[in-house]
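You will see two complexes here that share chain A, one where it goes with chain B and one where it goes with chain C.
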Partner chain A sequence: MNKIMFFAHLRDRVGEESVTRDVSGKTIAELKQLLEEEFGLKLDSVMAAVNEEFASDDEVIQNGDAVAFIPPVSGG
Partner chain B sequence: MNFEISKDPINIQSVIDKVVQREAGAITTFIGTVRELTHGKKTLYLIYEAYESMAVKKLEQIGTEIKERWNGAEVAITHRTGKLDITDVAVVIAVSTPHRADAYEANRYAIERIKEIVPIWKKEHWEDGEEWIGNQLETVAYPKGKPEGEDLNE
Partner chain C sequence: MSERYSRQTLFAPIGKEGQEKIRSKHVLIIGAGALGSGNAEMMARSGAGKLTIIDRDYVEESNLQRQQLFAESDAAEKMPKAAAAEKRLKQINSEVEIRSIIGDATPEKLEELADGVDLILDSTDNFETRMAINDISQKYTIPWIYGACVGSFGMSMTILPGKTPCMNCLLKKIPIQGMTCDTGGIIAPAVQMVVAHQAAEALKILAEDWEAVRTAMVSFDLWRNQYTSMKVSKAKDEGCLSCGKDRTYPYLQAENMMKSTILCGRDTVQIRPPKELLIEFTEIARQLKSLGYQVKGNPYLLSVEMEEQRMVLFKDGRALIHGTKDLAHAKSIYQRIMG
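Here is the complex of A and B:
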């Protein structure tokens, strides 16, 4: 299983800090498409992180990986 | 712990104390504060949210990048989360180096990198609404890249 985390406006839209899904074997791009359909999100300018490190769209998710969607950041 | 996310007000001196070293000839301190007016629009307060575990890792990465680029540098960064009022301190960066030019440059580098790769977001609250802020250009962050020229003045 995989923990999928949302932040900022994505969290507001999804209504949850995280959801649990089995998405092992899928790429980040495929997961983005699934989440766009399920929650009506727009993820094309959103970065992904796998296990707290930035991941590219073609990275394949492994069982147990924690995936986070990171909108453009605005700290500082 | 030179790199922290804090829910409590930041003690500026304690961040500075972390970079004190006998080899240093300079310590620069950057204090980021909550501005009332942005492009004429009045902010009432901000909420900062972080992906805390990853944010600490990315702050540590910035520290590593600085030590690779500026010989003898020591770095400490604390970023606040939660509700902040106008003039509150959102981030403190302290850098010490043997010579002052490096301390200024490295400190500038740290704040620009925070705005690129550290997963922290602010939600602006105005009199007539609220909004999560992406970067000011509405473009994608570049986790590996150098700061873009347009981003340097926000």
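Here is the complex of A and C:
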């Protein structure tokens, strides 16, 4: 199983800080697409971290990995 | 050295030696809004040798909740933020050389300002400018510190050319901007938390304590009690067009820059002429008044009231059209007045 965490406005959209899904074997790009369909998110410019380390779109998620989605914000 | 910085030099990682280094450095701050106010005040109080601060906007009442360098009088007089910041910073620390620039931080302008700069502090509100800062940083080997906030959320990352990945490695393209700015508002503690992270990194860099520099991107939410740190070293991309082997600095190319921009969350469009102008206000104000427009102003800007919109014109020909998000409409208003 995998814990998937959401930050900033993504959390508001999902309605929860994190969800649990079995997504091992999938790439970050594939997970983004699943989440886009399930929650109506736009994730193409959102950064992903696996176990608190930056992950590119083609990284494969392993069982037990914690995945976080962090949107770059622009306000200042 | 006077007592002024004694508490900072007592802090062992800085010490007298670090303080002398800080005193010899030049920091360029892009933006004098919430983050710019906070960062500039920290740098001035810390005794940085020289500060250059650039901003295109002027002070409004809605800024006062979080933009710590400004007072009610600045909003009432519609003072340009850069000028109001300079005045206040000089009151705070007269030993620091302060230079303010009222204008847009275009790639062209950034190239001009980069000369002799030791550190760039990002305090902008848009990724178009940040990507240009990122390219400038790589081109001239100047560290820069990203900072941004919305609502109760904020984030920061330090970019050291040749060591860390750059912003273009991480993002690959400019994120869609409207997504977060319009809806969330902003609370002042989120600003201060970002400033704290940026200013601490700045002190490390100015004091040349390179080992202490944070190599992760931090993000936090002060309302939802989240704090996370993401290691980014894996993101470094050898094929990156900003920092890789065959770099082209894509965000410094003029054809990539828009001439009109919708300002984040403000119902405002900025129009920038292709070349900087030097406008004589007295003549144009007279003409506009004779056409029946209500015109107010100060030495830096002219405010023209229309039926639905308000146009604020700066000396360099740049204008803010308030009350619209329609680029074409804003351009037509501009051209109606400027020809």
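In this text, the second predicted complex is superposed on the first by the 72 of 76 C-alpha atoms of A that agree within 3 Å, B and C clash if a C-alpha of one lies under 4 Å from a C-alpha of the other, contacts with A are read in each partner's own complex, and residues count from 1 in each chain.
We adopt the following convention: a contact is a pair of C-beta atoms (placed from the backbone, for glycine too) under 8 Å apart; a residue touches a chain by one contact, two chains touch by 3 or more.
Everything numeric here is computed off the predicted structure, so don't read it as measured data.
**Q** Considering only touches as defined above, state whether A:Gly76 meets chain B (first), chain C (second), both or neither.
**A** both
**Q** Looking at the overlay, what does A:Phe54 touch: chain B (first), chain C (second), both, or neither?
**A** both
**Q** Tell me the contact category for A:Glu17 with respect to chain B and chain C: first, second, both or neither.
**A** second
**Q** Show which residues of chain A both chain B and chain C reach, each in its own complex.
**A** Common interface on chain A, chain B vs chain C: 7-9, 11, 45, 47, 49, 52-54, 68, 70-76.
**Q** If we count contacts the way the header does, which residues on chain A are in touch with chain B in the complex?
**A** Per the touch definition, chain A meets chain B at residues 5, 7-9, 11-12, 45, 47, 49, 52-54, 68, 70-76.
**Q** Inside the complex, what are the residues of chain B that reach chain A?
**A** Touch residues, chain B against chain A: 32, 48-51, 53-55, 57, 79, 90-91, 111, 114-123, 132-135, 138-141, 143.
**Q** Note which residues of chain A are touching chain C in the complex, please.
**A** Listed in rising order, the residues are 7-9, 11, 17, 42, 45, 47, 49, 52-56, 68, 70-76.
**Q** Enumerate the contact residues on chain C facing chain A in the complex.
**A** Residues 31, 33-36, 122-127, 130, 147-151, 153-155, 165, 170-171, 173-177, 179-181, 183-184, 186, 217, 219, 221, 224, 226, 228-235, 264-265.
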